[in-house]
Amino acid sequence: MGDSRVVLSSAAAIDRLVPEGTSLLAVGGMHMHNNPMELVRELVRRRRRVGRLLTSPSASLAADLLIGAGLVEEVATAYIGFEHLGLAPAYRRAAESGALPVLELCEAAIVHGLYAGAGGLPFLALPPGLELSDVSSANPDHFRTVTDPFTGDRVLVAAPLRPDLALIHALAADERGNVLFAGAHFTDRLMAMASKTVIVQVERLAEPGEIAAHPGESVLPGFLVAAVVVAPGGCLPTASHGAYGYDETALRRYLRLARTEEGFEEYLQVNGMAPAEVTA
Amino acid sequence: MGDSRVVLSSAAAIDRLVPEGTSLLAVGGMHMHNNPMELVRELVRRRRRVGRLLTSPSASLAADLLIGAGLVEEVATAYIGFEHLGLAPAYRRAAESGALPVLELCEAAIVHGLYAGAGGLPFLALPPGLELSDVSSANPDHFRTVTDPFTGDRVLVAAPLRPDLALIHALAADERGNVLFAGAHFTDRLMAMASKTVIVQVERLAEPGEIAAHPGESVLPGFLVAAVVVAPGGCLPTASHGAYGYDETALRRYLRLARTEEGFEEYLQVNGMAPAEVTA
Amino acid sequence: MSIAIAADYSIDELMAAVMARQLRPGEVAIMGAVSALPQAACRLAQLTTAPGLWFIAGGSGAVNPHLDPLVASSCDERLLDADVVLPLPDVILLEGRGDLIDVFFAGGLQIDAHGNCNLGPVGSWRRPKLRGPGGVGLPFASRAGRVVIYSQSHNRRTFVEHVDFVSGPGFRAGSGRLPGGGPSSIVTPLCTMDFDPETHLARLATLHPGITLEEVHEATGFTPILPANLETTPAPTPEELAILRRLDPAGLLRESARS
Amino acid sequence: MSIAIAADYSIDELMAAVMARQLRPGEVAIMGAVSALPQAACRLAQLTTAPGLWFIAGGSGAVNPHLDPLVASSCDERLLDADVVLPLPDVILLEGRGDLIDVFFAGGLQIDAHGNCNLGPVGSWRRPKLRGPGGVGLPFASRAGRVVIYSQSHNRRTFVEHVDFVSGPGFRAGSGRLPGGGPSSIVTPLCTMDFDPETHLARLATLHPGITLEEVHEATGFTPILPANLETTPAPTPEELAILRRLDPAGLLRESARS
């Protein structure tokens, strides 16, 4: 095995591993933290379209940018927003115009669905009470009911989530693709375990022995990782746990510009995501 | 809340929290590692009977001792043995005589079942292929089939596992019951998350700030823990990750003695588990 | 609606104090996004009325964050300065257990008289007037011991007769299947409400200092039940304010007062 | 059965070398309890025929343990000296994914001609002659790319026509539902077998040096298919032996030779 092939540039990673029209793309991070922005920007530069975008339980800039750039045919999500900074402008525009179908999920359907995907479980029965929200009625393809064979009750079940591709961020990785997270890793490990192909964006390469020194849940083994992209500062303007906080000024600038389509295009231009800037 | 009540002697913990005839008792550790022996010995001293014993995916001395002492009405397990040291003598005797009903499980049914218990999921659909083993046919109360509402396939499902009480071992805990594991924590965290009442045996109290310094999966929050029992060396003769290895000589001595009922009784006498030694 | 009840505390500080007083020793509370307010309330409660309270700060997985200082984002790395930190998938798993979470803090772009909350589509589901961000974990409100609803705005867009989409289930007309205890109170910049035990409909409980019944009616899209005695919400005590300001040197809870 | 094929290597060393040669670069292998032998085989393969091989050491969760030194228990803390360590629940989760595990090492108290393995009850299920410890994760053998069966004893108690209880599913008569690739080989102290592609029945592949066909027949409770050419298992090379002995200073793989 040429292990050296694991560490790639973002351009090479996207080119080799992200076919046009990926059916189910999962993107990691939570809120304005650990969004794999360098990989997302590369998708935008290449105008690489995806069939369905699956977000983490709470998505932010990464999802809004992909949606704003018109690269997402439909989105499966439980939240896209910017917490105290405001609503997601591109998501709002696309969903309110009816252009973007929204497949409603809740965090339980995402986390248990990824668990099912990682474990080869055919579906996941959800705790009673979740059927009282309108999430399942609004997304009947994803939620069904079955009779619990132990109690005879009707219970809500969710489909497994098995992304074709996941883009996630971590602190560091080694040349074999072993990954080390810092701070909170949110649902990113689980997302990686459930996904057929995983690209991990990191701040830096790991020191020798650094990953082995962190046994347990803050790591991912390289056999789950197809490519590592080293991108220092690559989460900005979102935060990178273990490295830097989010850039509130830059996020507010995005939120202001992205209120209009023209402003959104300007944001892409100013931030190196014009189509002309593809350097393949 | 009188938080000081969390740290108890093993006698007080068993007295207060383990009613005679606990319906489902889960015991942690894997193989000859992290068996919560001090708690188990206390159960034996008190001859506290349990309805059903649920083991971790691979149980060893803790299970064999409880079974040998005649305290277990039935056992739900995927493995009781001593790896390279040999088979489990008391378990063999009880199961081969027909005195002990064995409810066959596999590691998937245990781990996914505990996941279901921790999450309030009504049941767990298992990956296709597991129905080819005889585990599910041998334990029809625990395994059923349902029709997958997404594919129409018949799939095997397992019941959730929701122990009334779990006995587990960890390296350290603080006075509010927050727990820190060392080394491998096997399925013990999951077992604790799924159980109504949890007693944790530890080597020592945690240093101030020690638990907070280990974010992530090597910890348990105190709201899951009913009692902490400080028992240095309390896993012996099994290993305690982060503290000591298993005592192979002592384990071999147990295996030799426990071959007969008389030898087993002698082991109890010699190791402070005669009924007379209860000091309640 | 701009509110300045008194010069010496902000409305967020009042709300934090009110929410803190609803918490009891040893309980387990959980909150989601945009949760500086319930976080401050929980920390305040730990230091006053509810010693031994546990609280889980949203997506961070932090259990009992020290809030040194209070931060705006629920996933801020500074929250990991906490008693214990759980992986997020474990938090989401345990939310479903059903016997662990005593208090669930919820909110919404729309909140109705049955305590249903909507953070999803406002208007039509397929082509909403306002596409809200989404409910994240609000469906788990159905399984908690009780649900404390809070909203930093109180107007007829937010407080409606019926939500357009149920993200967080409250008491729904005709359904008795709620496995948890359901909504127990609503805390707003104008008042507090509880729920009538018979009808499960929102009932006015207290008016904040300086707020009139008419102002509440005018700002509310449903007609809350009136209690026998309508009292005034006790203002934050000097002790409560001192604690809140120590937690919040940046003044996150005083932004509305400043702006 | 006491076997001493040659003075210069033990039968376990031969078996480790044989198992190592079946592994390919970049594959992912997994093993369960009492697994010093497949662990040694995997580490040997990493250093010889299968660079970049990944292996998960049973209950420890260790991925690519450095085996410095080789240890007897699959949960020994020393295994955590590894490239990466996963929590055990994640290992068990990923075993089910179905497209990750290329090689599953299995064993049993009983092994039959279809490659089914039994670690549970021998004899009647309810009142067994021998209560085996249990199959742990053996049902997952059904989902792996291929299953390598190994047994450190080769006699008619172990190698039977039909197992009394299927812990690890092999090719079962009349069933075509195996989602994984099924058993690919059996490695014993006497010989290696593979599986006939048509009948899915065990077929003798090689005899270990000094072992006769008659000895195998005598020790086997089913009649293995005979191949066109029955070759002799190549003995461990000096390089293989040097690596194994460096990994195993305590001589875990030479105990049978010594005893």
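All chains are identified by letter, namely A, B, C and D, in their written order; residue positions are counted from 1 within each chain.
The criterion applied here is as follows: a residue touches a chain if its C-beta (ideal position, glycine included) is under 8 Å from a C-beta of that chain, and two chains touch if they have at least 3 such contacts.
These numbers were taken from a predicted model, which means no experiment stands behind them.
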Key: Minimum number of chain-to-chain touching steps separating chain A from chain B   = 1
Message = Measuring between Cα centroids, what's the chain most distant from chain C?
response = D
Task = Would you mind telling me which chain pair, B-C or A-C, is linked by more contacting C-beta pairs?
result = A-C
Note = Per the C-alpha means, the centres of chain A and chain D lie apart by a whole-Å value of 39
Chain A-chain C separation of Cα centroids, rounded to whole Å = 28
Ask   = So what's the Cα centroid distance for chain C and chain D, whole Å?
value = 57
Remark   = Expected list for chain B, residues touching two or more other chains, is 108, 115, 119-121, 126-128, 183-185, 215-217
Task = Would you give the residues of chain C that are in contact with at least 2 other chains, written as numbers and ranges?
result = 61, 80, 85, 87, 93, 96, 98, 143
Message = With touch defined as at the top, which chains are paired up in contact here?
response = A-B, A-C, A-D, B-C, B-D
Message = For a test of understanding, state which residues of chain B touch chain C in their complex under the given definition.
response = 1, 3, 115, 117-121, 176, 178, 193, 196, 211-212, 215-217, 219-224
Query = Which residues, counting only chain C, touch chain A once they are in their complex?
reply = 33-34, 36, 59-61, 72-77, 80, 85, 87-89, 92-93, 95-96, 98, 119-121, 125-140, 142-143, 165-169, 172, 175, 177-180
Request  = Could you please specify the touching residues of chain D with respect to chain A in the complex?
outcome  = 25-26, 28, 51-52, 54, 61, 63, 80-87, 90, 93-94, 96-100, 143
Message = Residue numbers of chain B touching chain A in their complex, please.
response = 108, 112, 115-116, 119-128, 144-151, 153, 155, 157, 159, 183-185, 215-218
Ask   = Can you list the residues on chain B that touch chain D in the complex?
value = 30-33, 57-58, 77-81, 83-84, 87-88, 91-92, 95-98, 102, 104, 106-108, 111, 115, 126-130, 132-135, 138, 183-187, 189-190, 217, 239, 241-242, 245-246
